[in-house]
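Common to both upcoming complexes is chain A, partnered first by chain B, then by chain C.
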Partner chain A sequence: MGWLGLAGWLGPSVVLILVVVVYPLIETVRSSFQSFSLTGAVKGSAGWDNYRTIIENPAFPRVIVNTVVWVVLGVVLTTLVSLPLAQLMSKEFWGNRFLRIALIVPWATSVVMSAIGFRWILNYYYGVLNPLLMRLHVIAAPVDWLGSDRTIRWVMIGVVAFVSLPFTCFALLSGLRTISDDVLEAAAIDGAGRWQSYRHIVLPLLRGPLTVTVLLNSIWIFNSFPIVYVLNKSNPGYLSDTSTTFMYKVAFLTERDVGAGAAMSVLNVIVIGVGVALYVRRSRME
Partner chain B sequence: MAARTTGRATIGGTAVAVVLLSPYLVMLFTSLKPASELSLTPGRLLPQDWRFDNYVTMWQAAPVARYMLNSLVVASSSTLLVLLIAVPAAYASARFAFPGRRLYLFAMLVVQMLAPVALIVGLYREFASFRALDNLGSLVVINTAFNLAFAIWLLRGFILTIPASLEEAAWIDGCSRQRALLLVVLPVIRPGLVTVAVYAFIAAWNEFIVALTLITTEAKKPLQVGLTQFIGKDEVEWQHLFATSLVAIVPVVVLFLLVEKHLVGGLTAGSVK
Partner chain C sequence: MMRTLKMSLPVAATAAVLALTACGGSPSASTEDRGSPTKSIKVVAAEYSSSTSPYWQQVAKDFTAKTGVKVELQVIGWNDIHQQVSTMVQTNQLPDVLNLDSFSQYAADDLLWPAPDIETQALRDNLPENLRTSGSYKGKEFGIPLVGSDSALFYNPAIFKQAGLTNPPASLDELQSDALAVSKLPGKVGFALSLSPEAPHIDFSTFMFNMGGSYMADGKWAINSQQNVKALEFLKGLTEKKATEVNPGKTGRVEGSWQLFEAGTAAMTIGQGGLADRLEKSGTPYKVAPFPAAPGVTPTSLGVADYIMAFKKPGNQDAVKQFLDLAFSDKNYTKFIETEGLLPVTSGAQAALAQKPKFGPYIEALKSAKFAPVGEENWDKVLGAMKNSLGLAVQGQDPQKVLDDIQAVATSS
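Our next item is the complex of A and B:
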């Protein structure tokens, strides 16, 4: 088959990726070296000024720390909850189907809508979380979860872990399914306790799926926008922003500085690039 | 012993399920409250006066019907485009040996990892220069591109499991490659096609940041953007907001249940077997 024939099969997909992924990437890099007026018109070349502007922004160090905490704790929390949950799902029990359906709901629902739900639940005055925790004597007085920068970051990490659970559980579950019962039985006959066989047989065999979910979740949580956008929407400044929402605010909302936003985007893309490189290195192409 | 462990699993599993569903149950109960009960302090879980007619009045509260129609148009058009473009691409990358095939598949894997948010500044500048801001067609094109990689990888996997002899038999009977793809391959990979269609539809239905950035006219906003603009305002009609959300969530959950078992494989395609 000639190139022309091949273009008929693959052409549309190649064109679409060039137009919607490759060109915008180039355009982002180009914009990061241009200066813009407030209306978005190009004023001229900016050299490295946009990068200087973004790095010298007083909020920049805070944003970086927020991002690291957000990604690392989000991924760790998701993984630690998913491991036992996947183990539970792999068992036959009455109600297993119900659990699977319950786990589908946060997966299928748009993150925006889940975040809106949490915003209402966590509301200082009208939300149901404060009265619930007070009745359980966990807290003595209502907490302004979303209004204080001491609590909002932990709340947001909890929410991002909540929406990341379903994919992670199902991925680990499909990993668990590949472990044959014979191996576990043999271990039990040899006198291995439950924890021992989990630690020495199940976990090592789960290494593949674990690495994949950790890498994918890291990239997805780094890129996650709606949770911080919705939960943090009433708070001024950048105290609780991650590098993704910071970039967006600088470019489109607060400062409307497209050039500085583009510079932040480029830095973000570099970070994502590292994650993607780690991920595709694992891939088996054929 | 076995019965006791299953009993414990049932209790644990049900407790976890309730926790997972609780935010959506709160949304459901809130959607059934009258406006007066929304400003009660402390907040209560259940309505005192159950207002099922909120699901009727919500359609007048905001241009909800318009938002849903916009989302429906964008999601179904981009689903159709994803299928039309991904099927031949997946077939060619599974069946033809050509130089650059590895590069093509590799590029698709990278694209699958990228999210529109990372490129949003460039996308905005590009579509502004096309004079295609505030245009639902732009949303269709962007959603299609970002869901394409998943579709190609997943369908390719399905096609690779079909023995080539099946198609060869059709060729001998005088079928062209294209006809054999249509008549022999497509019926066999139907579960894959359904999975891709559902995934592409839900992803576009739930897409937020591109629509938030590109669409400015009220009448063109899709649901996700239409709803979030009320957040942070003083007078939020939460009961209508959540009624609308649930109407948008339920069909998507049902669709998702149909294809769940193929999704994990698709999302991690190319990484582990």
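Our next item is the complex of A and C:
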């Protein structure tokens, strides 16, 4: 074994990481300091100009606020819905299996497909949501969910939470499974009510899986390009863009500035890097 | 005759020198540059449909039979072709002949033969002027149009009847009042307008051209000209009066305005042959009419073309010329256009297909169509800026400011 064995075990993944992660990362960082022609040919060094261009873009502050709101509310909503759902799933009852399957489906569907599905559900003229809500007298007139600047943000947060639910629920469910019934029984004998035992026994014991899901969801939602892009693609301007779609639009769609797009991308990587570092630290502590 | 004789003398001399160096067995750079006639050419073309490949194969077959030069043919789908051609350019594996929707980036890098150098006189005479000059970069032709398309006013006679209307609008005022009349019907939309980032320039250009506006004036960008601002204000007015669908600034084309028309919701929209095909399938009643123009303006529409270009490679000029001549020959070209359902760019094919109902009105419109300055250096950035902001003009932003900002992008270096 020795060196050869080590290389055999680690080699493939190291090569994969080098090719799929490290090389593109280096190229992106390099691109962020170069200026490009429209065909993508390098015109020369740009110094920090690309970073200046992207930060001085009038839409930049708005995009940053959008991103923060999107990640924070997306994670909070996902967690708040997942906790009771996981609790429900941990109990044995008729239809439990059905619930689990129903929850797996959005996970198995590609995110782009889910987002396109929501595009049609929410369509002003032909979507199914407007007639349904009108019949239920929730709204009096159809709402342009994806076209109105007031509603699209909440719609996007709702969709990303919907897509993040399966992973979060199953992660919390496995956490719940590790809590032994004896502990809960002991609490009941000591006179703890249901809420008390949840608040003081279950939640603290769930801290590990909760932290992990919050961290992973933050990274995932921050990075979640397809939902924002698909739901927001008919809207001109950058009013509802997050940092990942902003990066894409600047590079390839609107300003056609690959250098500035690469600079934005590097900023994104730094943010994700912080998230990943937190996650790694957290896993080490366990 | 004298001229040709004079010309041929230096040519003969060069040939002699070439022969000498060749004998010396030292292939120098200069022999490479002049180039002996090439033995094979690489042709890269975009795939419009399953009948694209047979067309190019036929042209290649005719070409090889005539000249003995082989053809390496690659027909690539639209999703991949831009990226693949970029790779070919970056790795210096240039095609000889390329068919794509843009050419100016390669002209800017001085990679292309000027169009007159690779067109036979017959081909040149066969191309109508508005199409031929649409392939210009900095006033010089580099792209030869291969196929065209243009837009016309589509209207739904059944909805028109419901609203008490009979004829398509003959003026822009009528277009507005007709649209308003239809919008009063429950669940109907007068004019489906598309200004979302998908392709807002098509509808905007159509109104702009027909209100006397243009992208450039005297060779300079004029996007915020008075006429253009008026055109955008007109669209804003249509929207605010609710003559359009709920949010044209956020309505796309293929999934948006066309969808509304196809579903029988909208009474009018700006469409192309692609929409006609969809309507034939869905059975939606429709008629096509020329777009109305403002008083004193010749009715026109926005023409769009895809181009053929040839990369400068030593010794390929003559072969390319012959190849293009065969590609545009009436025999091959007319059949190609007919099966693709795109519009012909040669006078010959236009005349041959003008009587067919599927082509007639569009060919007529193409003859008077105007083109966006797709060859201008900043066009891609202008297009990007239009995609990102034209829609804002119908949802609160001042049209003048929107166009001022696009003009600033156009004139930036």
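In this text, the second predicted complex is superposed on the first by the 275 of 286 C-alpha atoms of A that agree within 3 Å, B and C clash if a C-alpha of one lies under 4 Å from a C-alpha of the other, contacts with A are read in each partner's own complex, and residues count from 1 in each chain.
The rule we apply is simple: a contact is a pair of C-beta atoms (placed from the backbone, for glycine too) under 8 Å apart; a residue touches a chain by one contact, two chains touch by 3 or more.
These figures come from a predicted structure and were not determined experimentally.
**Q** After the match on chain A, would you call chain B and chain C a fit or a clash?
**A** clash
**Q** On the A-aligned overlay, A:113 touches which partner chain: chain B = first, chain C = second, or both, or neither?
**A** It touches chain B, and chain C stays clear.
**Q** Could you say whether A:249 touches chain B, chain C, both of them, or neither, answering first, second, both or neither?
**A** second
**Q** Have a look at where A:41 lands relative to chain B and chain C in the superposition and call it first, second, both or neither.
**A** second
**Q** Tell me which touches more residues of chain A here: chain C or chain B.
**A** B
**Q** Tell me the contact category for A:258 with respect to chain B and chain C: first, second, both or neither.
**A** first
**Q** If we overlay the two complexes on their shared chain A, which of chain B and chain C does A:147 touch? Say first, second, both or neither.
**A** In the superposition, A:147 contacts chain C only.
**Q** After superposition on the shared chain, which partner residues are touched by A:233: those of chain B (first), chain C (second), both, or neither?
**A** In the superposition, A:233 touches chain B and chain C alike.
**Q** Under the stated touch criterion, which partner chain does A:125 make contact with: chain B (first), chain C (second), both, or neither?
**A** In the superposed model, A:125 contacts both chain B and chain C.
**Q** So, does A:180 touch the first partner chain B, the second partner chain C, both, or neither?
**A** neither
**Q** If you lay the two complexes on top of each other, which residues of chain A touch chain B in one and chain C in the other?
**A** The overlap between the chain B and chain C interfaces on chain A comprises residues 40, 125-126, 233-234.
**Q** Taking the complex as given, what residues does chain B use to touch chain A?
**A** 5-6, 9-10, 12-14, 16-18, 20-21, 23-24, 26-27, 30, 38-45, 84-86, 88-89, 91-93, 96, 98, 102, 104-111, 113-115, 117-126, 128, 141-142, 144-146, 148-149, 152, 202, 205-206, 208-209, 213, 224, 227-228, 231-232, 238, 241-242, 245, 248-249, 252-253, 255-257, 260, 263-265, 267-268, 270-273
**Q** In the complex formed with chain A, which residues of chain C make contact?
**A** 86, 89-90, 105-106, 108-109, 195-198, 200, 245-247, 249-252, 256, 259-260, 263, 265, 380-381, 384-385, 387-392
**Q** Show me the residue ranges of chain A that touch chain B in the complex, using the header's touch definition.
**A** 1, 6, 8-10, 12-14, 16-17, 19-21, 23-29, 31, 40, 85, 88-89, 91-96, 98-114, 116-121, 123, 125-128, 130-131, 134, 142, 162, 165, 167, 170-171, 174, 208-209, 212, 216, 219-220, 223, 225-226, 229-230, 233-234, 244, 247-248, 251-252, 258, 261-262, 265, 268-269, 272, 275-276, 279-280, 282-286
**Q** Which bits of chain A are touching chain C when the two form their complex?
**A** 37-41, 124-126, 144, 146-148, 233-238, 249, 253-256
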